[in-house]
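Multiple structures follow.
The following pair of complexes shares a single chain, subunit A, combined with subunit B in the former and subunit C in the latter.
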Partner chain A sequence: MSDVYEALQEIVGKDYVSNQIEECYFYGRDPGLMPPHEPDYVVMPKTTEEVQDIVKLANREKVPITPKGAGLALTGLVIPQRGGILLDMKRMDEILEVNEKARYVIVEGGTTHAALMSYLIKHYPHLRHSVPDSPPIATVVANAVIHGKGRLTQQRGFNSDLVSGLEVVLPTGEICRIGSCAVSQYWFSKGPPLPDLSGLFLGWFGTTGIITKLGMKLYPCKKIRDVMLFLTDKAELVPEVIRKLTHTEMFEDIVITASPIPLRFKGNFYILVFMTADSDEELEFKKKMAWDALWVYFESRDGGFVSITPDMKPPFLAMPSKDTTRFADVSKGGGFEYGGPVTPIDNFPILIKKLEEKAEAYKLFYASIARVIDGGHSMGFYFSYTFNRANPDEMKRAKKALHEAAEFALEEGGVIWKPNINEQQMIMERIDPNTLKLMTSIKQLLDPNGIMNPGNWEAK
Partner chain B sequence: MPLLQLKFDRTKCADCNAVSCLVKCQYMDFQDKDKAKKEWQKVINGEDSSVLEACTTCYACEEYCPFENHPFYMIVERQEEKGILPAPRPIVTMWINQCEPVGRFMVGKIEEKALSYCFLPQLNALIGGKLFENIAHSSFFGQEFFCNVVYLHYAKMSVIKDRLPKVIENIARLGVKEVICLHDECYGAFTSLAPAYRTEVPFKPIHYYEFLYNRLEELKDKIKPLNVKAAYQRNCSTRLCPEIDHYVDDIFGLLGVERVKREYDKENALCCAETIRMAKGPAMADDLQKKNVDDMVKFGAEYCVFNCPACYDSLAEKVARAGMDPIHMIDLCRSALGEERGQKLRLEGMPALQVAMEGK
Partner chain C sequence: MQQKDYASQIHRCFRCGYCKFPTDYSSFNCPSYRRFRFDSYSTGGRLWLIYAWLKGEIEWSEHFAEILYACTTCKNCTEQCPMKFAPDIVDWIVGARNDMVEKGKIPARVARFFEAVYGYGNPFKQLRSDRAAWANGTKKYTAGDEYLLYVGCLGSYDENGQKIARCMVDILNASGLSFGILGEEEECCGNEIYMLGETGLFENLAEKNTLKFKELGVSKVITLCPHGYNAMKNTYPASDGKFEVYHYTQILNDLIKKNKIKPRQAEVRITYQDPCFLGRYNNIYDEPRQILQSIPGIELKEMERNRQDAFCCGGGSGNFVNDLLAGSVDSPARIRAREAYETGAAILAVACPSCLTMLTDAVKAEDLDDRLAVKDISQILQEFLPVK
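Here is the complex of A and B:
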């Protein structure tokens, strides 16, 4: 194995490879509940060619490779289950091109959302991308690979839907371009009018290749952004509220939260309705549309818009939202994991009920955030529980609660988002056998040596 | 022990021919006194009445009643008895929950005289400088000291009855003799609501306008007259203590500020309308706010002076967009003393990404 270490040093330089215990310890875990497993090497490439050389080396030596962005999925997706090489993409952080007129950006595989957001604010303030509510160090590529969601998800779909092209190092070491950029200098489409091959890489958690460049669609950044807050205390009304709001086709983002603390949250569902505008008139019109859409609940007194003071607005409007991070330490001890399904919005009442049931059964503090996806075709519903890392019993209870909630969500027709390896098995047990066979064939075809992030999407 | 029964004298209403409580109401049409009297009798008798549904909870009838017979408290009692919700139920729940005492409060180095921040964190930005140099340390804040008067807007007199006596007890336990109330709701709780429910208040409530006036008298030689015309925005809870209104003129007099004689001031003042927005919807609220701001402009106001931080939040941007300078009364005083304002105006229409970055 020392040959591998030396070979890695040859590829990236000695400053960017390590097999030291403290670094392997750090790279062997994430902030969630999955058990750690340490890599044998950590390597930080700077170029696509270096990634290519590392992949070729791994194939030659039959060493697993786990590509990693910021490692924020919380479900252990970049814990190297079988050791080997942990490929930290952070040095590949360039923003390579913005095509202002065609509205897309090309970034390297380790570019963070914070870097992209800052860059656009500085150089292209009239353009924006879909900022997820993960910490700012989340990378654009990893977020797309896990089908992350962002501030434009309600209007535009998953962040993976907004991909406009890929450069991928295949598991066998070839560099491959996906989408319009395969035949043109422009990165405007990840597939159409060609066969859409991006599906071979998005959602696979790095088991089918390493994305070294990614094109991401940009959208107009309007001059004004505002938020309204609708409350209801009836979970069964939430799906219809969402349908009425999405029917207007007026809103940037719609997020539903439920939590027993702070106290003002208790007993209600908070529906945050975000909107953008280029003029006061446009903004007022959109606000009126929101009121009109939900007037029936206002009249019945089952729901209403709360006035938000100017001081309350910035936290709501912050991108990314800091609320998740604040919630993450409610139990103190820094333990937090959330998971849950992408599901029809009609499932909201039963999922909320299950969230509360599990919290009560396992004596955990809970919160839920749900984000409407693509005009209301579905929503991401997150079961969130906090725990103290110094309390193994509480961690065990949180894990059970999440596992049981995930099982329930699957039974009710949802599909678990960024599933951990156990949840992946739950999905594969239920998935259409021919679909599983296809997935397995694709995986074997692309990664004949089974070196890419092994343990994930691996049929037993 | 919860508050007792409302002190209400039916005979005063029976003998009243003015029915000012309804006739003067700016939000209900009761020009016909006979009709008003009949409707008011229905309220008193606990019958169904359009008043209970139409009430915007502006508190003004407490001021209109010449007999101090507490018509507004009676309306709130009746609304609650009949389960009428002036605002959507979840909003009421939110208010009740967020102000529940949970043992997280702040108490300074309390002396015989102390400032009550009630449960208004916005006040923190205002308290400072020469005006408060000898008393800022003697203050308290939190749900435990929250006067709960806001529940008059939500037909929840029961919550006030339950919580206010404990609040009075909590303040008394601090050993304070005089409480300077930094908001009218607090002052009104101790000088109007508690007495109306036969509850003793074992300390002396002082309205902060009285405090400001006395301090300005002491600091008179440091005042640089502002020489501006100002509209005054009365808030709902000033209706519980109209006797302090003269301090507005007294303070303005010391600061060289002219209170414009506009249509919607004094008894005819319009509510800031944010509660009305939550209760009656945006059309009525927007209309009221426009009438109010247009009236300020029409009468030549350069400043709009606020008493209540919530009114400021509600109207400041609209006032600024109409070309006036929105300012809280405390900041007005501090300006005249050459000090910086504590409260900064945040415009809602600021660029989206600027908000996003500030939120970080």
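Here is the complex of A and C:
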């Protein structure tokens, strides 16, 4: 193994490899609830060629590789289940190109969402990308690989839908381009009009290759952003509220939140309706459309818009959302994990009931966020429970609650988002056998030595 | 002081990584993370490792200690962390260092720093009798002087720091201010000792200084160094410090406003480095800038990261001596030197002898010394005072 260490030093330089206990400890866990497992080496490549050399070395030595962004999925997806090389991609952080008119950006595999956002604000203020609510260190690639969501998900779909091209180091070490960039200098499409091969890498959690460059679609950045807040205490009304709002095709983002704390929030559902505009007139028109769409609930006294004072707005409008992260300290214990299904919006009432039920049964704080996806074709519903990392019993309870909630969501027709390895097994037990066979064949074909993030999407 | 509570609180860090950034997320603003790039060197990494050490999941090691001491206590993490415990983060780190010191488990370089201060009263192992060698007959403080000019270890022994001390003496003399120095009787301020976790030695130094000030009837102290300013302003009161403390930029700015100093015309573009212990620790952002802007013809061009987002020079927590972040093009001071150069400024102004030393060396390492001069604000001001 010391040969591997020396070979890694040779590839990336001695400053960027560690086999020390401290790095292995830190990179062997994430802030969620999955058990740790430590890598043997932590490596930080700077170039695609270095990644390529590392992959070739790993194949030669049959050492597992786990590529990692910031590890903020919280479901242990980059915990190296069988040790080996942990590839911290964050040194590959260049923003390589912005095509202003075709509206896409090409970034390296470890570029953070925050760096991209900051770069666009500074250099291309009329363009934006879909910023997730995760902390700023979340990387563009990792977020796409887990089918992450962002501020434009309601309008444009998953962040993986917005990918416009990939450069991938295959598990056997070849560099492969996916999408229009495979035949052209332009990165405008991840598939069409070619066969869409991006599906071989997005959603696979690094088990089929390492994305070293990614094209991401950009969208117009309007001059004004604003938010309205609709409140109802009737969960059963939420799907219809969402249907009415999405029917207008007016809004940037629609998010439903529920939390028992502070106490005044308990039993209420807050629907945040985000909108953008280039003029006050446009903004007022969009607000009027929201009012008109939901006026019926005001009349029936089932709900209504809550006034948000200007000083209350910045936290709602912040990108990324610091409030999302603050949830981790509700139990003053540094932990929360959120999981849950992508599911039809009609399932909102039963899911929220289950969330509350499990919170009560296991004596946990909860919060729920549901984000509308792609004009209402589905939503991401998150079961979120906090826990105190200094309280093993509470951690156990949170884990059970999440597991049972995930089982329920699957039974009700949802598909678990960023599933941990146990939830992946739950999915694979239910999945169409031929689909599973296809997935297994694809993995074997691409990764004959089984070195890529082993333990994930691995049929038993 | 949250130091003692750190063990019961430190698990609250979620390692979300906000601590790595400045406000606009344009780059990485944690000096040790930017230098080493392993997450273990970020604040989140450090806090998780300390917690692991407390739980017995990892053993103490030289590497662990270096990770802990590579933190310059610049307070960027405190500025950026979204959690309610943000103000306590540096205290937690200092608390863990304090535990390490008590167990005798610290990096060799840090141990040498303590030994030097303990044995010689300064981290450079210079003779106490040489403490005023820079002073060239500067008047010692006597009862009735309005201010004590406290020059600190860098001002006393470091070549760059001595230049600042001499400039300050000249400017204050020219302004007619009544002041004196302590000379050989001056003790180390203890700020770095405190940050490095040697609480006992810090208390001893604080007590000695406080007693000396009391004995001489000192009621107003001017410090050259933001580190000393911070210790006396924020930490000494626990040691019963009863005197007013000013950083020299506050005094000079006041003298300029009162027309007691009138700089002459200059034509130069200057950029300014906010010292962490002046800015993030004590919210002094305007006075240094006002001094520079009082010099007619000076164009102050900010670096992209400034004020509460300023990037630390890497010298805090004794690293101007221990230099745990050195040896790379990614060393914070070298990054900062490049940023300063990108502004097109001819002078990188500082208001801290530690920044002056760190950035002077960095500018040389970057081979920029013929295009970018690093000068303390006192030096710049003295340069543009009317010729007598």
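Keep this in mind: the second predicted complex is superposed on the first by the 460 of 460 C-alpha atoms of A that agree within 3 Å, B and C clash if a C-alpha of one lies under 4 Å from a C-alpha of the other, contacts with A are read in each partner's own complex, and residues count from 1 in each chain.
The rule is simple: contacts are C-beta pairs under 8 Å (C-beta built on N, C-alpha and C of every residue); 3 or more make two chains touch, one makes a residue touch a chain.
All values derive from a computational prediction rather than experimental measurement.
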| item | value |
| --- | --- |
| Simultaneous placement of subunit C and subunit B on subunit A, clash or fit | fit |
| Which of subunit B and subunit C A:44 touches, first, second, both or neither | second |
| Touched partner set for A:15, first subunit B, second subunit C, both or neither | second |
| First (subunit B), second (subunit C), both or neither touched by A:31 | second |
| Partner chain in contact with A:122 - subunit B first, subunit C second, else both or neither | second |
| Partner chain in contact with A:322 - subunit B first, subunit C second, else both or neither | both |
| Touching partner for A:311 - first (subunit B), second (subunit C), both, neither | first |
| Which superposed partner A:263 touches (first subunit B, second subunit C, both, neither) | first |
| Partner chain(s) touched by A:112 [first = subunit B, second = subunit C, both, neither] | second |
| Partner chain(s) touched by A:185 [first = subunit B, second = subunit C, both, neither] | neither |
| Apex subunit A: angle to the C-alpha centres of subunit B and subunit C, given in degrees as a multiple of 10 | 70 |
| Three-chain overlay, closest Cα atoms of subunit B and subunit C, distance in Å | 7 |
| On subunit A, the residue positions that both subunit B and subunit C contact, one per complex | 121, 322 |
| Parts of subunit A lying in touch with subunit B, wherever the complex brings them together | 121, 125, 128, 221-226, 231-233, 262-268, 276, 280, 283, 287-288, 291, 295, 297-298, 301-307, 309-311, 313-319, 322 |
| Residues of subunit C that touch subunit A when the two form their complex | 8, 11-18, 20-21, 24-27, 36-40, 45, 48-49, 51-52, 57-59, 61, 63-64, 67, 82-85, 328 |
| Subunit C partner contacts - residues on subunit A that touch it in the complex | 15-16, 18, 20-23, 25-27, 31, 42, 44, 70, 72, 88, 90-91, 112, 114-115, 117-119, 121-122, 135-137, 322-323, 325-326, 328-329, 332-336, 388-390 |
| Of all residues in subunit B, those that touch subunit A in their complex | 85, 87-91, 93-94, 97-98, 100, 102, 122, 274, 277-278, 281-282, 310, 313-314, 316-317, 346-353, 355-360 |
